[in-house]
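The following pair of complexes shares a single chain, chain A, combined with chain B in the former and chain C in the latter.
Let's turn to the complex of A and B:
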């Protein structure tokens, strides 16, 4: 066995290591981005000879210039220029790119280390949830009373739209960003992602996508709802251009990230990491990545056509000129429903890791569970039109889409039962991650069952336009997805930060969140049963009790998330130092230090058994996994 | 999970001579998978472009695919006889459409596709040369010719924009056709970036000593670009 000394973070590099990267960081990104935006604004304004500084064309050129400029400023495109010129990076450039010797500053640079990118994503997700959550509180405050004057209906509509899209962006990356970047490569024994520079690019693209959507409030707002249906969105103020540019940029990010995830798992598994030994979270990551690769181009197509309709006068969605709003709706939901599973599958994968680790049991029916997840992903691309039952599009297709939608409950049920089977009669160690698993199981039943109601065409006719739908998808995406993400944070926190998450504060947050979810969204189900339409700023008196319940629940829920955020931040600074394997887990990420060194392992691991080999003699959590010799098990199938 | 630390030497990423990671062979493997995944994502977008074309053409909403129904039928019959029917057949500025718009000249559309096919062919020949151990002098000119033809395709595409017999606002056919042209240019610019990089790297000897894999990967991408451009050209010519 030969060991290589880990590359220390304070390794001294030459004065020219990194080249241009030495001079680039978040600040240069901002400066170049803003300068580019100003130049784009001036040029487009001059060329159009327009007196309207905020015309669609001017806004679009300005914001595209911002996105391109920011990414040039931070160094996203350095590599492609160097490649084109034949100036390949040398050893020291690569070390500099990975953040060696830069301390905390590497978190504000175009850093290629997957652990830095994962941490950057985690912080970004928390910021996005903070913004989206604040907007949610404004919505619930408006709805406290029937004729509230807290904000105008126009502002309310915009806030609903921006809240929706920011939360969709945040939930898509909430697990696949931090954990598929930080944890997944370690889980398969890789030293980094397959394409570290693309990894950093995917992160900084999301960062550059955020200002346009936030700036939309200054551009007249987006009154068309988060789905931005045409032709309403075609007629919206220039803020809609900003909204669409955010989406197009985000799509590029997700596409790049999806390719990177898939290539990493397909080509970089360590020796012995056969497909049958892949942790479920890895399966979840690649299936979500593949599904995203299918879904996201549809989002790009829908929004590209939206931009051209608005900016250059094409007529994809304007009926008077030969277009049709149904084209947008179809394209949007061809993306929209798979995207739900792009959001949900990674957290479910993380929760299954938690279930096995804290039940000290192997994953129940591993192959069946993986098949179930693949089945979900496959059916997810065949159900999109159930979102359009009430639009009048192709009524003869309603029955087939109802059938495929109901069919998807079968693989979903299989995965759910496998999860329950994993903890069934286990030697359960009830730590914070398990709390979140239990809450997920409860919430997902509610969200899933109500989804079956909505797949039924006659029932959907009644519920589709009212708050029942809002409650359903919040139970699914927040009660399921975000709770899964919270479980993932509490599970992998020691590995990412090197410190233990404060469980006392974490459990306090958990109980507040659990109560807040039930009060908020059961209140919204009540509103739905009463027939309250969604997306309204003012409502009839009869809905007030249900709305008050929901709003009070939302304040409780927000309080819970703030407490959880406090636990994360305070533990990061003052938490107890974490050992390498605090949960005595068997998967590969726990066999290295917390946090792992650059390149993750001092010795390339060779895997000789599956990651869930908790035997009957292994019920006590005190037992540490012991290395065994390579000859003791199969070592076939590795990529290296 | 049981792991062993026996007999598997740690080979740091940052110690290999083949770039950021690994050996050239390992890089080839990764980038090969990545190129196909990229093409998959691009193909989804491409299929949606075709979907847009045929969906709008089949619907012919308000008779405004190419404005044909505005002359073939009375405005009232198009709109079901409603009182606002006379306003239906208008362009994006509200001007009445009084005739079916002409289609784009097939010569230009097909010529652009032909140029990019020729560009792809040159990159393919370059790959064959490189695989067979061709010298820098053998491979570089072929890549250079590929770049020249991509530039020619871009220029011709821009020229076609200038001479179209319709404008963007004149109905769904015009919109979709011009969207296709924009999509073509985006593809061509990407191909130009890749092609220029290949040419330059080949010129300074980066693809000697058997390191031809980037030419191979680029050939796959160029063929995809040529194929998609050809399909778009045929669709616009045959199904206008």
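Let's turn to the complex of A and C:
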């Protein structure tokens, strides 16, 4: 066992530690980013001698300059500059970079501590959900009446597009950002992520990707839905350039984060943390990270060809010049379907941790479960064309894609088997995280079964492009994914903030959310049965009852999320101080203080079993729950 | 796995399911008591709800949609009821500590898996998937099979209206008129961006893409009007890109073509144009 010197938060560093980082923070990022954007704007305009200050080329150069400038300003590339000048960072610089001695200010800096990055992600996700949720409320308000004039069709269409893409970005990072960064390294007994600077880079890239997509409202709006099918998107206003740049930047972030997750788990596991002892959440994080590495390049390709079609006149997607929109649709969905599982697998992993902890039982069929998730990820790359059954692209491939799509229900069934098997005859302890597991079990069955209808080609020919599809994927991504994320927040909240989440408020929020989801999306299923298309600003009279139901449900749902947000914020400030291990759980993150010290453990932990040995104290020695050395337990206090 | 461990597993997992006192006193029996009514409710919904939810059938294809929907729901109901039944029972039957307690209950039994349970679970899902797949493929191939008396209608989408033409007759219209009882082959294309041609009550749809022609067929089997909508966002007025379709008798259809300027001979050869 190696002893590492404990690092206090208030360790005094030399006056020069950190170098340039000392002068950089979110504000310098903004300033350099804006300056750089203005320079890019003026120069591209001058070079092009264009009369149009808002042409596609000018907008593209300006926004790329913003992204690069912001990241220079905040310090994303400091280390590269230093190395290219032949200097290296010394130990004090690294400590400064990890936020030592900077208090709350480190949350606004390029900070390499994985726990700071995790917290930054958590706040960013909540902000993005706030924006996306507000747009959703505007959509539902427009749809209260058949001929609503609340918004013009133009505004409505762009709000629908941006709601979709903001929510996709937010859901992709909602668990892998906060928890795969904050919790996962601690779960495997690591001191940090493998590449702390890339970790910070992945976060600030997402931050710099947000202004362009929001700016699209000022650039004419994106009229094409979040899928932005060509050729409509090729002809769209410059807002589409902003949209594509946001995606390209986001893709870089997800790629960097995915590599970081994989390398961390491959190389940074503590002594005894064999693959068979990894918590399911860790398995989920690396499988989702790897799947993201497969999916994201297709997204980059789809959107960079979109940019060149729009800016320099290539014709990848322009039918009249030999291109085809089907190329876009294929690359988009080659990203789009795996992405669904990039979103869902991490929350599922978190929920299985929750199932085990609050049933006081080992995870049921651990190996089958891990194989199931690997099976999901493998099949996920072979099903993309089920989104294209009604495009006419490849009618002869309908059968094979129907096959792969329906096959995915087998490994998905394993997820249910694992959850239900873990609960079976357990000692159920109904704390807040467990509530979300139950809600997931309800919603995800609904989302899964409605997905089976859509996998059947003849049925899809009725439901495609119809509100039924909208309801289906909201049941899975919100009812499944976001509910899993809410479970993860309530489970790991004490560890991240050092305080207990107020469960009285949390449970109130839970019931409002649970009801809101059913009313909103059962309403949308009803719209779909009746034959209402997606993405319409106005609709025929016959759809009004279903739409009113959905809109009322949406207001309820939003209220629930606001109450949940209130619980998170108020407990962060006023919550009861959390013990190290409030749930008496066995995985490593609970064997260190809440929140953990810099570098996580005072003593390097040694692992002798998986973290699920509930009820096994009197069984064979190899199954005894001793995830941590006794020293680590006694120094952190409260370990069970 | 040693034989002793195997016996442990059987004791922990199987016994409460298959052995150990009267069924209603075992967990499996209690879950069953929830499962049966849940499944019955699911089956009732499967058979009676779709009739109220879908619009009126106007084609063989739409009837297929409804039948498949009923079948899949009926197959899914018992599966959903297993998951929900266990979840529900776990809250009422196995809850050991209230959500307000700060300390956890005693540990549960250390069940780490169950070969029998896993095999049954996987086997059932494989069988269900095979049923779904065979059903879907059979249905699809019967829809694609061309019929003796089929006829062609050309459909063109443009921002933001539909145009229908009846080849050989010179008739074009912004309303879709089709005769009852014949398989209609829709040849669909677009003048600008991608649209989605969706004659709702005929239960089929296909995208309209520029520069290519896509095909879909439907056999209207009821007289009356239906809705034609656009199912693919196509810009500003996507929401208003809709028109009505009408299914009429063959005689009415011929008369309608003539009244829109088609010559009697062209109508005759078009009406006979079996493919």
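Simple rule for what comes next: the second predicted complex is superposed on the first by the 610 of 640 C-alpha atoms of A that agree within 3 Å, B and C clash if a C-alpha of one lies under 4 Å from a C-alpha of the other, contacts with A are read in each partner's own complex, and residues count from 1 in each chain.
Simple rule for what comes next: a residue touches a chain if its C-beta (ideal position, glycine included) is under 8 Å from a C-beta of that chain, and two chains touch if they have at least 3 such contacts.
No experiment lies behind these values; they were computed from the predicted model shown.
Student: After aligning the two structures on chain A, examine chain B and chain C and state clash or fit.
Tutor: Aligned through their shared chain, the two binders fit side by side on chain A.
Student: By the touch definition at the top of the document, which applies to A:407: first (chain B), second (chain C), both, or neither?
Tutor: Touch status of A:407: second partner only.
Student: Contacts for A:462 in the overlay, against chain B (first) and chain C (second): which applies, first, second, both or neither?
Tutor: The answer is second: A:462 touches chain C but not chain B.
Student: According to the stated criteria, A:507 is in contact with first (chain B), second (chain C), both, or neither; which is it?
Tutor: In the superposition, A:507 touches chain C alone.
Student: Is A:430 touching anything from chain B or chain C once the two structures are fitted on A? First, second, both or neither.
Tutor: In the superposed model, A:430 contacts chain C only, not chain B.
Student: From the CA centre of chain A, what is the angle out to the CA centres of chain B and chain C, nearest 10°?
Tutor: About 100 degrees, rounded to the nearest 10.
Student: Using the touch definition from the top, say if A:86 reaches chain B (first), chain C (second), both or neither.
Tutor: So A:86 only meets chain B here.
Student: After lining up the shared chain so the two structures overlap, which partner does A:20 touch, if you call chain B first and chain C second: first, second, both or neither?
Tutor: Neither chain B nor chain C is touched by A:20.
Student: Is A:320 touching the first partner chain B, the second partner chain C, both, or neither of them?
Tutor: Both partners, chain B and chain C.
Student: For A:535, is the partner it touches chain B (first), chain C (second), both, or none of the two (neither)?
Tutor: second
Student: Identify the partner contact of A:614: answer first if only chain B is touched, second if only chain C is, both if each is, neither if none is.
Tutor: second
Student: Between chain B and chain C, what is the shortest CA distance in the superposition, whole Å?
Tutor: Once the two complexes are overlaid, chain B and chain C approach no closer than 7 Å between C-alpha atoms.
Student: Do any residues of chain A touch both chain B and chain C, and if so, which are they?
Tutor: Common interface on chain A, chain B vs chain C: 319-320, 324, 612-613.
Student: Using the touch definition up top, name the residues of chain A that touch chain C in the complex.
Tutor: Against chain C, chain A makes touches at 153-154, 157, 160, 223-225, 229-232, 235, 319-320, 324-326, 358-368, 390-392, 395, 398-399, 402-403, 406-407, 409-410, 413-414, 416-417, 420-421, 423-432, 434-435, 438, 441-442, 445, 449, 452-453, 455-459, 461-462, 464-466, 503, 507, 526, 529-531, 533-540, 582-584, 612-617, 619, 623.
Student: For chain B, which residues count as touching chain A in their complex?
Tutor: Touching chain A: residues 1-15, 19-21, 26, 29-30, 33-34, 37-38, 40-42, 44-45, 48-49, 51-52, 55-56, 59-65, 87-88, 90-93, 168-169, 171-176, 178-179, 182, 193, 196-197, 200-201, 203-204, 206 of chain B.
Student: Which bits of chain A are touching chain B when the two form their complex?
Tutor: 1-4, 7, 80, 83-86, 88-89, 91, 94-95, 97-98, 112, 191-192, 194-197, 255, 258-260, 262-263, 266-268, 271, 277, 293-294, 296-298, 300-301, 304-305, 308-309, 312-316, 318-324, 327, 330-331, 334, 586-588, 591, 599, 601-613, 625-630, 632-633
Student: For a test of understanding, state which residues of chain C touch chain A in their complex under the given definition.
Tutor: Residues in contact with chain A: 16, 27, 50, 53-55, 61-62, 64-65, 68-69, 72-73, 76, 80, 82-84, 86-87, 90-91, 94-114, 117-118, 121-122, 125-126, 128-129, 132-133, 135-137, 139-140, 143-144, 188, 192-194, 196, 198, 200-201, 203-207, 209-212, 214-216, 227, 229-240, 242.
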